[in-house]
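The next part holds the structures, each set out as structure tokens.
First subunit A sits with subunit B, and in the next complex the same chain sits with subunit C.
And then the complex of A and B:
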């Protein structure tokens, strides 16, 4: 793999939030950041917050009962109303005499057509006849043709290394018999990615041009990133019908935010000199945008593209639950019959696709950003590709194994993995059961009971006090408002259950991930394989390791927490690495001269310097953990994720959306508090620097 | 998904070239949407019906829907045909939906659905009173885990499947905690884990399903279901509570959107004529679930081998 500029471009993980640079930029724009005042300690916000919270705690514990148990009178079951409204909107609403549903169904037909056409070319070919009479009339592009084309593109964009990566990934799909379904997945992924990128670009440009629009889109995108996808699946299904196009729309909604955020950022980061120069040579606004600003911003746009691609691939499993076939379906059906080995192989197929798309798109963007001059004697890429497609298709017609890899030649390691799982289950279950019981009975249950029984006013008071201490009155109002939304809609109980799952998972993920990241940061050689492992952890469908977890830790919270931890470790490791890399060398040298031990350097020099990034890392880890709650619900939690899942299964539109918004509220509270904390940490740092 | 094996399809095409299709069929080119769900048999039977209808000229599409969540779709005409509606869990839902007049009861498939609490055979030694349900009261502790002690642990189905386990446990005063997974795969992951170690487990199992052909076990015998059990507290061992009985067992019916009757009359007739039996279905499920073949392949093979049978169902189209 190529190091250097490529590495700095890539980062698939900051889902749902973009890269840390960006986070800093946004942090700076938050106007709730407290200005350090040289005030007396007694009137500083933290002191006021502490006093206020203590008073409230007394009141909550000794005061009237309504302060402890939420009185029914103040909850409003809005789910029904929202559900009815959406049902009306989806079924009866008319715009200019045309039913809204007809428009969306029309769009769905269009999307289906595009997906079908792509599937025909890549995966299935054409058929004549129907039912039992069906025969193939035109085969799809052969694996040789597509695989070869990927390798050629890899070579052109990234040289021998990238060509090798493409060849190995494509070879894996072919030899393991995953090719055809991988192409079905690729077809829908390509269509979603292109749609998400175009829409994201359009919204981003629009936001860049108008500050008012930017405020609106930023708010909407922040909520969209945190509302679990299952909660808007039901409305999507109502509007677009069951099938691939509903999956497509849901995926695009999910993958859109990073593209919008990064487009705005990329355009804002174009140096004014370049824009001015464009103006001076007489560009019209449109020319200025397309021929000057966007090309100049391409490097940063690539970050958004990369994240959209990764998020789309994250959705493959969920999309296959609502009617998109492909590898996601393979994973689901293998796991349903407990063939964990085959599920793992199909899951690795998704990882292989992710790696091809990620590395190719990054290399292409990198090349585009640095000019695309052909070397003397080089033919344009499209000519090469067409020549290859014609040649390989001819070859595949002569030799059928080149068209479709024969079933008899398929390799499988599934039985090995299955045997391994059985062995671990037989030999190590008692040990693991001991761990499970300890974790559940000594740590998780008590914490859950504490949160469940704590007076709600006390918890809201804590949220408000933290908000005030970290970000002043405005942040306190914001977080309290979000928390009250959960109280008023009647989801407090499940929400506390979510808080408990997230707190435990994130604590463990940070406790494991940060030390690993610190360790890796000083070992550049280990970073390449580590990146591969982290990429895999984030694109391998969670269900693949969720079921083995269930076998070993039973249905319930322990398995759920393990699944969330495994998913959330990756951003923790990555932010720890980034944070450490940012520590100024001068300080490290100073520490060395002062005779600090390694441990002292870590505690007194590295950690304080990296603190803002580390806090953002905690924030990202929490966001990732929230996005996993829904998957965790599959193994039987009793939290908001489960509420959303039940609502999805029962087609309860309103309940699904409200429960989903409650998840968003929790995530936004955590996000607001931690960003403010990070902003404080970095302003403290600046002060000390001064 | 489309058929993969070109050779097979060619053979089928040759076999079926014979009959001249009736002029009237299809009465409408609109796509008939056949429901499939998150369990194998409905997918397999849906695939069979889809293949038959396509062969006689209809456009069809398989659409994924939730077992309990399907009714609005059928009432609105978003979904048209379901090959499976189980008396065990969907009895009341189906009755309610048929009462709206927008949904048709298309008759029984001939399959008999069984679902209830199930345990591996080795549990009989540790809880000698089984399969009688009263035995569960005495050996709840055998089924206990650290977090449920002294209660037993019962693995139920996903919440959305609409069981009445909570009510039943209360009505029969069973010392058991119920655990709900979010998906059937998680249930059977626990079963596999326990079975490999001969560890205690009691969970919800249904038939036709591959689990009963792979693992040896039995159902707990609860007081046999009658409709009165769900409606009349006086019925059954607990005079003050409803649901003091096992789950309903019995027919698996086909259902359809009422609006389709006029649109595709012959297709609806074919659906009504369709019949299947448990043994055949169990064998087909093993092919799909354990031997890893696709539903399309298995359905095609069965239809080819039973040419006369399905053509008789489809006589209105011949």
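And then the complex of A and C:
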């Protein structure tokens, strides 16, 4: 699987599909439980790696001091250089006599204009007058108009169920007084999504047509997905200025990779026959692309669009840090005030928005991909929508509560949640504090100290040895190179701190998530609700996970770890479910006939068969954890995430980027090692099956 | 598949070029090599080992044949025999590594991209194994698509599409989308689409392989009916010998990239070129394929006025009944009543028993 490590971060798009039928049938006939292959023990890569590592460990512990503590002489002030370069680029660089910054600022003005126009229509309307005499001269579309339009689209695309989902979600936003901010968010989300989809489509088509371009985009997208978003916020701010358009650019960059990736995939999956048919009909290249291949690829393109939408929504809060208002800003300010209840409500508002956009876009894409006709008497959707907008706007002008939901009627559960938190903290303080202290003193601190004090050469040796054992010399070189980058840039200490946080969070997430996934896999009925919960968990903005953790365990590493666990548990559950579901049925029957107990079946039959998928699951969990790391830094960790955050706060361009790249290096090391492990596990399986 | 065609096809090679739609000469398709590399490395002289040594695979080896106007030419072979690649070389869906393809005397391989598009639009129609319908277009939209691509105005192309739809018997389903149709109906749409621009050449790539046996038989009959109306030049790919025999004027059998024999169905059965073809045709019920004309021998001054008679194109399965009722030999007479030859019992039984001629 040659795909970016974060590719399947938000949805399970890359989950290995069950084997095609043919292979399946063949497997079934000669299906055996895989046995470890025999090999000569002393010359195998794992053995060589072990011997090498032992020698290195001996040298590192007893050898010269530079092997234990990184000498300052070998680190370079890379961050400084990069920062200067970018600053120069942003301020002084000229292309054809025009300063680069002027171009980007011009672009920003254009984006601002588009966003403003959308905000005017959806959320704010037009104002006249100045100062205290400001009056709204033209109201925005009323909640009735937009909500009704969503319901109409829902009904047309997905029938009664989808209409109901849209109605409930929109109703939530209205009744809880979140409507106007939700529309501000919707405006920027719509603009970024459209931009990301168009740009992604263009890049995807380009990559599809040229293998060379594909190599380049794939590499860039992989790095883009692993570099934490915060580290390119600063350069974006430099180039585009503080405000909605900087947020827009950052969001588009963030949401682009899945669209590019899925466009290439979708075009590649168009059946050869369809393309041949287009050529035989005599299509010109452009006709072939737009009238044959893209329509035929629409179903898979929809996956990419959907992921882009989800990632855009994920960015909402972060974007609000650099000047995009809306619901994201509500969550952020609630978090700063530790107003758990309001934060939760605003967070749920984002989820409501996500649900509407997600379901509507999926249903629309499905409809477009399969073609449907209007039933007798049905009018085209656009006619319906225009009629509704005119009618409801008229109605809203007559009855003001239909235009803007009166504040007096707003429902809020914030005080309830706040009270609940207070109650828990008062009544269960001893218990919580006990848990916190135990975790901190008995588990986390010792592990952190161990990593912090371990000789750096030893850890790099371990990375190299693992790489060699799992994927040979090439992988060893790759992972060692990445690790050395961290050493040379001088971020080794914070990086170890990140490794400690990730290791602990991922271990716990796997320890909790995998058993739940195993349990769910044998209960088909529970799977649909479980999938819904998992989908929702992955749609929730990352910051929301900090709330309960901070509520109960205050600021600090324990809260950070809990937030990371909460966020990263969803892929663990999902991959465990899928891995188990992939075990060939014939094998399970064979085990049952042989009289295996449930436990024996799990250990000897299910786990070995599911191992590759489970390893990929660990990989995905780690990737999710890394992307949460930066958010977790908000509650005071001391790792790379914190470095990035500090850089952001102080506008240190170079530091932000380099620390971000270090996070990417860690993620890429984990990704490389685990993918190699998964590949080994699945090739072992194939060999024994054949 | 008119009677007249049956008679000219075996000698098609000898006919003047004007009647030939396809003239293919020495087609090679070597995957992994460019034309220049292949020629440089020895070209057609390379044997299997020499090709393998360079990591090349020859999907089509030295295919030469021609196809007459109005002929149904079936390319038959097992999967991996290169039949599909060879037919794609004939439309340049796949670029041949070496060789020449003339369509109505015009060099297909020398055509520029723009010319190729024009040739395909004007002259070629193709039906695909898995139908290759566009899922987002309804039946009219799919059938009219070739015309839309050519810029034919909407009203005109929809009129033409509706004609084609009724030609294949799908009236009433014009507004359906592909996933609302059965496999057989989808392939009817595919057939209608391939005929929309009234091409002279009709490629059918295993068109019925993905269908149930009964539907397959229906569509084969449908194809024969259409062909009797339209008289296209048909290039039909199949891996099913029964199907090939049912519809073919001539069959080219392919094995490992080579055409091992080209002939009428009777030729293949009665005069197999090699062991491979013989094994293939072994199981074919001869009585249903071989015609009276094929096994008759010349009249040797016999008096045939009282003899029972059959038509030259009658299958010998139908002759058996008459032969049992007659005393000695039976006469083979054409429609005008002229005696063409006689059939005696010995030859008849020998042929049924599996003798080759």
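As a working rule, the second predicted complex is superposed on the first by the 642 of 690 C-alpha atoms of A that agree within 3 Å, B and C clash if a C-alpha of one lies under 4 Å from a C-alpha of the other, contacts with A are read in each partner's own complex, and residues count from 1 in each chain.
Simple rule for what comes next: contacts are C-beta pairs under 8 Å (C-beta built on N, C-alpha and C of every residue); 3 or more make two chains touch, one makes a residue touch a chain.
Note that this is a predicted model, so its numbers are computed, not measured.
Student: Have a look at where A:298 lands relative to subunit B and subunit C in the superposition and call it first, second, both or neither.
Tutor: second
Student: Thinking of the overlay built on chain A, is A:159 touched by subunit B (first), by subunit C (second), by both, or by neither?
Tutor: A:159: touches no partner chain.
Student: Identify the partner contact of A:529: answer first if only subunit B is touched, second if only subunit C is, both if each is, neither if none is.
Tutor: Neither partner.
Student: Which holds for A:645: it touches subunit B only (first), subunit C only (second), both, or neither?
Tutor: first
Student: With both complexes superposed on chain A, which partner does A:124 reach: first (subunit B), second (subunit C), both or neither?
Tutor: Only subunit B is touched by A:124; subunit C is not.
Student: Subunit B or subunit C: which reaches more residues on subunit A?
Tutor: When the residues of subunit A touched by each partner are counted, B comes out ahead.
Student: For A:283, decide between first (touching subunit B), second (touching subunit C), both and neither.
Tutor: So A:283 only meets subunit C here.
Student: Considering only touches as defined above, state whether A:370 meets subunit B (first), subunit C (second), both or neither.
Tutor: In the superposed model, A:370 contacts subunit C only, not subunit B.
Student: Return first, second, both or neither, reflecting whether A:634 touches subunit B, subunit C, both chains, or no partner chain.
Tutor: In the superposition, A:634 touches subunit B alone.
Student: Identify the overlap between the subunit B-contacting and the subunit C-contacting residues of subunit A.
Tutor: Overlap of subunit B and subunit C footprints on subunit A: empty.
Student: Going by the contact rule at the top, pick out the subunit A residues touching subunit B in the complex.
Tutor: 91, 124, 127, 129-136, 180, 241-243, 321-323, 325, 335-339, 342, 422, 425-426, 429, 433, 437, 440-441, 445, 543, 546-548, 550-552, 554-556, 559, 633-637, 642, 645-646, 648-651
Student: Write out the stretch or stretches of subunit A touching subunit C in their complex.
Tutor: Touch residues, subunit A against subunit C: 271, 273-274, 276-277, 279-284, 287, 291-292, 295-296, 298, 368-373.
Student: Mind listing the subunit B positions that touch subunit A in their complex?
Tutor: Those in contact with subunit A are residues 1-4, 6, 9-10, 12-13, 16, 33, 38, 40, 50-57, 59, 61, 63-66, 68-69, 72-73, 76, 78-79, 145-147, 155, 158-160, 179-190, 192-193, 196-197, 199, 210, 289-290, 292, 300, 303-304.
Student: Which residues of subunit C touch subunit A in their complex?
Tutor: 88, 91, 93, 117-118, 120-121, 124-126, 128-132, 134-138, 145-146, 148-150, 175, 177-179, 203
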